[in-house]
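Shown next, in structure tokens, is the structure this report addresses.
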Amino acid sequence: MRSSTKFTTGAVAGLGMIGLTSPALAATDAETAFIFNSLSFLMHGFLVMWMAAGFAMLEAGLVRTKNTTMQCLKNIALYSTAGILFYLVGYNLMYMDVSGFIGSFAIWGADDPGITDAGFTEGDYASGSDWFFQMVFVAATASIVSGTVAERVKLWPFLIFCVFLTGIIYPIQGSWSWGGGWLSEMGFSDFAGSSIVHSVGGWAALAGAIVIGARKGKYTDDGKINPMPGANMPLATLGTFILWMGWFGFNGGSQLAMGTAADVAAIASIYINTNLAAAGGVIAAMILTQVLYKKVDLTMALNGALGGLVSITAEPLAPAPGLAIIIGAIGGVLVVFAVPLLDKLKIDDVVGAISVHLVAGVWGTLAVVLSGADIVAQVTGIVAIGAFTFIASLIVWLVLKMVIGVRIDEEGEEMGLDRAECGMEAYPEFGTGSQRM
Amino acid sequence: MRSSTKFTTGAVAGLGMIGLTSPALAATDAETAFIFNSLSFLMHGFLVMWMAAGFAMLEAGLVRTKNTTMQCLKNIALYSTAGILFYLVGYNLMYMDVSGFIGSFAIWGADDPGITDAGFTEGDYASGSDWFFQMVFVAATASIVSGTVAERVKLWPFLIFCVFLTGIIYPIQGSWSWGGGWLSEMGFSDFAGSSIVHSVGGWAALAGAIVIGARKGKYTDDGKINPMPGANMPLATLGTFILWMGWFGFNGGSQLAMGTAADVAAIASIYINTNLAAAGGVIAAMILTQVLYKKVDLTMALNGALGGLVSITAEPLAPAPGLAIIIGAIGGVLVVFAVPLLDKLKIDDVVGAISVHLVAGVWGTLAVVLSGADIVAQVTGIVAIGAFTFIASLIVWLVLKMVIGVRIDEEGEEMGLDRAECGMEAYPEFGTGSQRM
Amino acid sequence: MRSSTKFTTGAVAGLGMIGLTSPALAATDAETAFIFNSLSFLMHGFLVMWMAAGFAMLEAGLVRTKNTTMQCLKNIALYSTAGILFYLVGYNLMYMDVSGFIGSFAIWGADDPGITDAGFTEGDYASGSDWFFQMVFVAATASIVSGTVAERVKLWPFLIFCVFLTGIIYPIQGSWSWGGGWLSEMGFSDFAGSSIVHSVGGWAALAGAIVIGARKGKYTDDGKINPMPGANMPLATLGTFILWMGWFGFNGGSQLAMGTAADVAAIASIYINTNLAAAGGVIAAMILTQVLYKKVDLTMALNGALGGLVSITAEPLAPAPGLAIIIGAIGGVLVVFAVPLLDKLKIDDVVGAISVHLVAGVWGTLAVVLSGADIVAQVTGIVAIGAFTFIASLIVWLVLKMVIGVRIDEEGEEMGLDRAECGMEAYPEFGTGSQRM
Amino acid sequence: MKLVMAVIKPFKLDEVRESLTGLGVQGLTISEVKGFGRQKGQTEIYRGAEYSVNFLPKVKVEVAVSDEQVDAVVEAVQKAGNTGRIGDGKIFVMDLEKAVRIRTGESGEEAL
Amino acid sequence: MKLVMAVIKPFKLDEVRESLTGLGVQGLTISEVKGFGRQKGQTEIYRGAEYSVNFLPKVKVEVAVSDEQVDAVVEAVQKAGNTGRIGDGKIFVMDLEKAVRIRTGESGEEAL
Amino acid sequence: MKLVMAVIKPFKLDEVRESLTGLGVQGLTISEVKGFGRQKGQTEIYRGAEYSVNFLPKVKVEVAVSDEQVDAVVEAVQKAGNTGRIGDGKIFVMDLEKAVRIRTGESGEEAL
């Protein structure tokens, strides 16, 4: 479990927890605390699991109809892959016997010595509850990638990339901080993963977008950008609401405990800040697009919510609510500027995932400095995690490109991945669907 | 927090809680109770937050395609606005130092004196958990309005209305009852807000519908009603299921405690009654539309579920399950009759929100009399809350109308708010979308 | 409550619970355990309730547009019916004074003698929390049927079938095992209901499909199968994700307790196995359709997830995670083969519910043998439950067919149930909808 | 007989239909089309990038009429479909050699 | 050459297509249209308010044929599209001056 | 005047439109159609059962032109719409008796 993160960033709560066990008169007993802590992992874990549906709906709404079946398929497949890989390799690589730069290669197994046939003797939480909570995080990382490279990456190469991302790349960099490795020793602080989860997804997505290239026709030779509007706005909205809901689990559960009054009060603060940062991101993105474009762009408002959420994720506990609104609003503003900037660089990010998760993720990690983190440690973490993830991802994408190819052929891209790779239309009776008449 | 409500309407449970702390042998200790109470606020709070998505989907499904992007945007924007305003003004206006008719103007701040570095000393729940739970309620009120005035109200004036509704109007009337003001002293009982939340939303919506007027072409001069069918029934169904799920949080969390066996048993009863009232509303609406129209109207069944839920909200604990079914069924029946009645009055309520939240809300508040509430107090509450909210809303809407205008121009209404104000189609490849060929 | 199941299949945890209450030093007190146990029922219960939305979306996505409104209506109606019937008859028939083969006819009422005005004295959980949890299970059974017989069964006959299924058939067979009847005494083990819930739904669906017959044009006389593709793939995907999420409640809550460290650790293991079995089902179905058909069929991947989930439901606790993946993967494989097989037998199952819930349900019940269950007891249970449910369902369907007819007339089937029985299009502005121009 | 084919603005459909039934026209067939012409589409912005919509939604009305009716029909459509603003559309008239009512097999003007 | 344009009931499409291919017709083009005529739409009720649907879904079949084939084609469509109930639709025949196959540039009857 | 009606592959629409505007054509009307012809649809598999899609998506382009322009227009469409692969579609030319601009009431070639 993320032990060292706890001590680094959750210091107040952490101390609280130790202190709180002493006054016997009113204190929670050890087994009750064990249950609360485990329950927090489980409840918040199912909320984070739900984010997989959020990513699926967001992305299914932002691609064109001809690639929608594929986008759904990729999302359920990557969530499945992430779970299996994190079990086979990832968890132990990230958390077991971390030497500083890497954990150990082994299949995960539950370990609760404190629960015996004679009853409970000691322990902080059920080891399985922690595993479950960590597992749903790694899936989020892979979801980020799928949005960026949508509409042209082939199914199986994409899933193979996810195998490496969730089994190797994510866990190794995760071991540096949450696993108790060198970054955590340096004082790097990333409460729930603005960098460790979100920017990692963003870097992997960026590497993918570069290797795979833009969708055919997205950028014309004369420098024009040719928008390819998403097919289903309510679906994208639903996805955003799901993610917003899931984020209470993402950030709230990252308190890693609920067995004391101080812990549950901390979770309450985290919920509030998480919610208000998202709200700040929405309002900022709306005002900004109104000013810039004279119309309010819904997809930017949705991205703004996510930008706000990613921004507060590195430190959702310490800031006062007012500061959380501001941190989130800045996240929303960054997203609105980053999206067209990436287009100018001809980096084709279908759903804005790089802007949301990488750009706002970096901002969020820096913003921890406002709550007292060491700027050098933060920058070191951002750079180290970014460099490692980007380079490792680039290598995997390039090898895949050379060996089996990562991109659908032109004809398949034209007809859409749904017919080319799935043989199945997403909406056969709508639009130009084959089943209309 | 809603202290006085607790004593007024949750009397049995409240007494239980006091009594239960004495028998030392088996009782939950104070810190454990603190955690349970806070957890109830948080868990039920995220369920109520989820209702924001429910309203968004319900409304997105019941408007026409050309206004769907806007409806999604309004919903995520109002939820964001409500949170920020409740933080800046609303909470303290509703709950802090309520003098009888109003609280105080101040920014909210967490206050948990019982949690110190030395550990937990005393307290009922984390103050932030209560804030979070109360905040998601106010958002529901604003969501109700957005459904009624859909398809013609302009974005920014609508959001400004939400600022007043969530920052001022809702909190002031809320201070009278949940804030411990004059209505609560009178014995007015509204457990989870049939009046305080739902009818308030309904009154504000009614004022809006009157000031803004009906959609162009909805009512012809010869008295004919011209239906404008909602564009996406599965979305409306999803929204209803989300709201139903969220309502367990809405009503269950309004027990305001989970730290004793009696409290958790009360929450269980509330879940059961909430569920069965909704079920009663569905079945009643289905049978009634079959009898009246020879066909079963899905949108009425969905509205029936919501009518049942609103009806039971004023007292979801005391009734036996059988009575809950009946209360809900009457709610469903009222909705089926109220919808065409409003049309006859040329009050154009796009999604039926006035019928569901105002009409069934009044009924639900009256139905508390069946569980022993004082009829005079109930009627006083209904009238006072209604008169204040309706007049205050009317003023805000009228001022907005005069100053900046609240309604899109005819051409914009014809082409749809999505293109007129968002420049973005909800379904560009479906129907007559621009991206089909 | 499912007392005997607990002792049969949750033996380790059950013993643990007894043992754990003795060591006074660190143990949860009785009231705290009561709250935890009740909370588990409530929290897991709302997750299972959410599955009703999952079935609705899955089925709404897999039918054609002209039957989508009806599919939404049936799902919200059956969920409502199931709750009311389980209250009026079902619960007591299943759990009260079970004589071996049947409980008693009586309306359910909460019974918590351990909670008095003087406080908590004794008890394991709030009786209402248990009722709520059991109620949402029976709704799942009815949902399964609605998917199979979609697109041709009339509304009211279908709902009358649901009355019998949820009020009589399900509770009677349930009394044999979870009610403590003869099957449980024999040692039949079905932790969360691979047979008791899922295969029961599957058998009832199979009887329905046989009595009602295939959709017009599905099977041509020359033996050709004429696919009728589902209209909305993202909706079907959303439904699957909702079901997946809800399944943590379905299986996790079936631990029936959370008041000890051992229980919460068991729930954690159940979450993990549930998740990994679904993942195994997805990956297996994807690889298999790629190999068989050279394309990856999204609907099969979705069915694969559900097949994996159903497979692990009979024993989600005991297997190691690796075994859970394999059990789920086999479930996914079975589904991929069962779907075309049923088509060959001209059994028209619109959404694949028989393959998912019956076939994988039988497999899952057999797979408990891998965790030590007695094969004779398992086979006896599968056969007894299957025979009873299938025959009883067949009788109800046949009587309905004779008395009021179960199938829409040809013209109505051609124009779709939405217009024929609801007078309401699901997507009036899309495809060939009436509101397009 | 003649086939009159008109391309009009979608929101003018009801008026056009009513003016035609006013002339005694018993039936007509419409379809959704997109038009390119002097009227240009709005420029939209999607996620910061501009684009223009070249083809605008129009409705095509096809009505078969007798030779005597054709002038009145053309005039009625022209009047009812007119807003005076660019993009109102066109009316085209073609010769119709034969018309058959599928239900009865009748042909010629009785079939209309 | 002639252009035969038929407006038929949607569920008759397969039968019409089969009867045409039976005559040796090699290709045809269909589109979704809505028809207004003697057949009236059902009256529906939405949330308590009645409304009638004026335009009913139909399918338009367009097929270019040689002058010799035209009578057989019209007859085939009339037979296959017939249910005997109101709303079966119409067949219109127009003169076709020229036909070109885009792929090869062939024109005239070879292009069909 | 003539009415040129072309059935083309959807992704060729932009090229066809550009080549027509290159000739000075000011307007045209398009619609979504489905074509049946020599080009056969892919066989798909849905949940283990094979099916073939008979009708393939095409775009119909209708453009009214003056008699002088017609040959150039047909040639332009044939060139721009050509991929050389089966299913490229057809061009049909019909006589147009009258054209009216709804906005102004102008008729004849000025109306185009």
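For clarity, chains are labelled A, B, C, D, E and F in written order, and residue numbers in each chain start from 1.
Definition applied: contacts are C-beta pairs under 8 Å (C-beta built on N, C-alpha and C of every residue); 3 or more make two chains touch, one makes a residue touch a chain.
Everything numeric here is computed off the predicted structure, so don't read it as measured data.
Engineer: Kindly list the shared contact partners of chain C and chain E, in label order.
Structural biologist: A, B, D, F
Engineer: Between A-F and C-F, which chain pair shares more contacting C-beta pairs?
Structural biologist: Pair with more contacting C-beta pairs, A-F versus C-F: C-F.
Engineer: Please state whether the interface between chain D and chain E is built from the same residues or different ones, using more than half shared residue numbers as the mark of same.
Structural biologist: different
Engineer: Taking the mean of the C-alpha atoms as each chain's centre, how many Å separate chain B from chain F?
Structural biologist: From the centre of chain B to the centre of chain F is 53 Å.
Engineer: Starting from the mean Cα coordinates of chain A and chain C, work out the distance between those two points in Å.
Structural biologist: So the centroids are 31 Å from each other.
Engineer: In chain A, which residues are in touch with two or more of the other chains?
Structural biologist: Where chain A meets two or more other chains at a single residue, that happens at 29, 32, 43, 229, 232, 238, 293, 295, 297, 299, 423-424, 427, 430-432, 436-437.
Engineer: Can you tell me which residues of chain D touch two or more of the remaining chains?
Structural biologist: 10, 30-32, 34, 44-46, 55, 94-95
Engineer: Hey, how would you classify the chain contact layout here, line, ring, star, complete or other?
Structural biologist: complete
Engineer: What does chain C use to touch chain A in their complex?
Structural biologist: Residues 15-16, 19-23, 26-29, 32, 36, 43, 47, 64-65, 229-234, 237-238, 240-242, 244-245, 248, 252, 258-265, 267-269, 271-272, 275-276, 278-280, 282-283, 286, 290, 293, 295-299, 301-302, 305, 320-322, 325, 427, 430-432.
Engineer: Show me the residue ranges of chain A that touch chain C in the complex, using the header's touch definition.
Structural biologist: Going by the criterion above, the answer is residues 29-32, 34-35, 38-39, 41-43, 45-46, 49-50, 52-53, 56-57, 60-61, 68-70, 72-73, 75-77, 79-81, 83-84, 87, 107-110, 112, 114-115, 117-123, 126-129, 131-132, 135, 155-156, 232, 235, 238, 421-431, 433, 435-437.
Engineer: Mind listing the chain D positions that touch chain C in their complex?
Structural biologist: Touch list, chain D to chain C: 10, 13, 30, 32, 59.
Engineer: Taking the complex as given, what residues does chain D use to touch chain B?
Structural biologist: Listed in rising order, the residues of chain D that touch chain B are 10-11, 32, 34, 41-42, 44-46, 53, 55, 57.
Engineer: If you look only at chain B, which of its residues touch chain D in the complex?
Structural biologist: Residue list for chain B touching chain D: 414, 419, 423-424, 432, 434, 437.
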